[in-house]
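In what comes next, chain A is part of two complexes: it sits with chain B in the first one and with chain C in the second one.
Right after this comes the complex of A and B.
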């Protein structure tokens, strides 16, 4: 058995079952290509890792499978590094085993934004298995207080982080509130400096590099739709996200993205195929 | 002498490492490693065994995690039979360098005539004890073994910034501590993803 297989055996699954519901969730819309997520340690003393395992698909020819897995891991790792270099808050890369399909990234201790915002419509968790009891809206607001930020501040953190990512020409491709984690203030990597609560963007599995206005506008549109479907009465919240995005991008860049976002809202994510 | 134990790796899963600062004989050490590669026969095997370590310029290492990541990627490559250099120890140097040029990796990250501090690593299995390795190491290196914590004062952040082209980006981080933690994170991530870089 290979090294990475053993590593996975020694770690525990977080993306399925009750554990996942409390911390991380990768809503598997495309269930068939959803990677499994584990928490692991390389050595007993080293900091925890999040392993993202793209297991072998039996329905694919083995050599095609290896190639696809390899290029997806490479793509995700490159996007992460590009974000890191540009100062976007994303988890650092800790190990890569492209042959086995394992990507190990920094473990961010915290809570996904989806679990911190009020109003998660219940039907959303279909197929996610045994989801534990959902906290009520009041409990969520209390949890948010623990992080020392208000909803408005959270929205502005989100907008700023997305703007930083777009300025680096990285398109996330799957912006939702589940793919954002608010890190606990105490769990910073450098203990000497008191750091404020930080927002981390995760899951760059569908990301790509592009400088097109269209792609950035669609990225925002996808998030807007995610907001309105998971958090009712969220239009005000999303306005806060855009305000922070505008501030970080600068008036000139924002003007063009805004115009395109209005277009996209009228026609939807897909470009018209007519003509 | 400290160690990383990777329990899930089947063979050669222990990496012993120690920080030596200052080192008195870097030039001799370098010459000896090069000579060892050239000697043939039994004598050559013996000499190669004597210098069978990864000699890393400690001033280019940012943190323990940085070292651990490079060692792990090297051990992983060995366990899969996908080493791109001749030994697992040279693979560590290769993993540390941002480009794919092996000569450059060894010139930058290996021992040179001007090296003042060395991080020395040895990858092995459970059969060897740390004292046996330490004894072997002390025969080759003329220097003082110090605690790993001393690395903080040894790291040459400016050179690392240059190799990773991070001068502009790190300046924007403000305080020196946040600059360093930023550089460390980028450097560790680059080492970890080297196999899928390009």
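Right after this comes the complex of A and C.
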């Protein structure tokens, strides 16, 4: 058995995709291409780290799956490194094992932005086993207060972080509110020094490097769609994100991205072309 | 149900049985169906008749010829549908027709039939969104409550989830639809269009063994398929490509079966992946596959494996309800009719562009 597998065996499964996420201490780790996510310790006293294990997808042809897994692990590690060097708030890398499909990254204590914003899309109405209730909108606003930020400030944190990432020519590829964590103010790595609430971007499994305006615009468009489908009536919020993005990018760069974003919005099939 | 109480559905059980006639002709299938909604809230399909316009191998269906086909068959299909159901057209409550999306000419010829019937028998018209028809029929047949819907057909490829009286599109194709991609490739390798090119691709793919490398193009929650089509077409001019493939296994050859297999594996893996992501994002435990490509058993199998990995359930229907049909138009139309919706004659036009998320889903909570 490889070292990575030993480590996984000794650790604690946090989530697989969105399933069961709301009941556990670290609900932001919804993930999609659905790696299993574990909380692990390299040594008993070391700070916890997060293991993402991309197990083999049975539905995919094995050779297709192996190639995809390997390139996504490597891509994720590369993108994280690039972001770290450019000062984007992302979790630090602790280990990479591309053959086994395991990536170990820094553990961030906090809450996903999706859970902090009002207007959840109604999830599973079946309700079986869904005891871990979705908080109501008011509870979410209270939770947000704990972090000491308003919705407007949160939006501007999001916009700034994305702009920093795009300035480093990293394209996230899957920007959603599930893929952003607000870190608890008290949980910085150096205790006793209170830090500001910080926003972290996570899950770079579909990311890549590109300096093309097109890719940046699509990245923003993906987020816009995620906002409108998960948080109805959120267009004002997204405007806040763009305003902060604009500020960080600078007028000149923003101008071209904005023009392309308007273009990208017209894509998708069967749109009414009237007016 | 523990915790959160389900919101009450705005749709009341009917005080008497309701009947609706549904007419569909947005592509090469002409369909008519009669649905009945009973006082206890259940539905029953009284008849579901379809006639498909089939073109020779290597050819697609042109809008003009398809419209001609629909015009020729409309009366036969409708009278078959009424006699199978054993009802008279005087008994139906409303006449539902496909308003869009689809090909303009076929849509118009069917809408014309619907308008004529409406005037002749003095029945109200209900214009229906084709995609919503698929979703509502799928929900009714399978009993899925609030599924993530993968809608895959010759003209549409969308991942849809319901929220606040709207079917929201999570991801979709940016260029061609998946059925279009498969059909067009069937034409390249000259597969028959009978019963459907997609079905013949599926049969051919069962013989394929070799997975050739194709682009894997997910872009955010969306996918792009036209490049894959070009790329798989390019293999047919490859030196290793041998159309007559009864040769021995050792040789380094690519057969049409291999290409069908590779195309299906790659494209379906992308579809399953974006569906899985939508499920994870909204936390749903149900997935419903609708649309013509939804009959593909390999796609259903892959979706099943994915669902099992995450403890979810897959709902799919067979060709009677997957492939375009009149009954789904009747179902969605009758639901909105019972909520008081009617399409006045002056507004009974059709449109080729009619997105799923433009419909106000008044009958769901």
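Throughout what follows, the second predicted complex is superposed on the first by the 225 of 275 C-alpha atoms of A that agree within 3 Å, B and C clash if a C-alpha of one lies under 4 Å from a C-alpha of the other, contacts with A are read in each partner's own complex, and residues count from 1 in each chain.
Assume a contact is a pair of C-beta atoms (placed from the backbone, for glycine too) under 8 Å apart; a residue touches a chain by one contact, two chains touch by 3 or more.
This one's a predicted model, so the numbers in the text were calculated from it and none came from an experiment.
A.B. asks: In the overlay, answer first, second, both or neither for which of chain B and chain C A:231 touches.
C.D. replies: Once the two structures are laid over each other on A, A:231 reaches no partner at all.
A.B. asks: Please name the chain, chain B or chain C, that touches the greater number of residues in chain A.
C.D. replies: After superposing on chain A, more of chain A is contacted by C.
A.B. asks: Give one of first, second, both or neither to describe whether A:43 is in contact with chain B, with chain C, with both, or with none.
C.D. replies: The answer is first: A:43 touches chain B but not chain C.
A.B. asks: Once chain A of both complexes is superposed, is A:82 in touch with chain B (first), chain C (second), both, or neither?
C.D. replies: A:82 sits against neither chain B nor chain C.
A.B. asks: One more residue to check, A:258. First (chain B), second (chain C), both or neither?
C.D. replies: A:258 sits against neither chain B nor chain C.
A.B. asks: So, A:221: does it touch chain B (first), chain C (second), both, or neither?
C.D. replies: second
A.B. asks: Contacts for A:176 in the overlay, against chain B (first) and chain C (second): which applies, first, second, both or neither?
C.D. replies: A:176 sits against chain C, while chain B stays out of touch.
A.B. asks: Could you say whether A:54 touches chain B, chain C, both of them, or neither, answering first, second, both or neither?
C.D. replies: Neither partner.
A.B. asks: Can you tell me which positions in chain B touch chain A when the two form their complex?
C.D. replies: 4-10, 65, 68-69, 72-73, 75-76, 79-80, 82, 166, 169, 172-173, 175, 177-178, 181-182, 185-186, 188-190, 192-197
A.B. asks: Over in the complex, which chain A residues touch chain C? Could you list them?
C.D. replies: Listed in rising order, the residues are 16-19, 21-22, 30-34, 57-61, 63-64, 68, 121-128, 130-131, 133-134, 173-176, 178, 206, 218-219, 221-222, 225-226, 228-230, 232, 267-273.
A.B. asks: Quick check on the complex: what are the chain C residues that touch chain A?
C.D. replies: Against chain A, the touching part of chain C is residues 1-4, 6, 100-101, 145-146, 156, 161-164, 168-170, 172-174, 177, 211, 216, 218-222, 265-266, 269, 272-273, 276-277, 279-286, 301-303, 305-306, 309-311, 351-355, 358.
A.B. asks: Can you list the residues on chain A that touch chain B in the complex?
C.D. replies: For this pair, the touching residues of chain A are 1-4, 6-7, 9-10, 42-44, 46-47, 70, 73-74, 77-78, 80-81, 84-87, 92-99, 104, 106, 189-190, 192-193.
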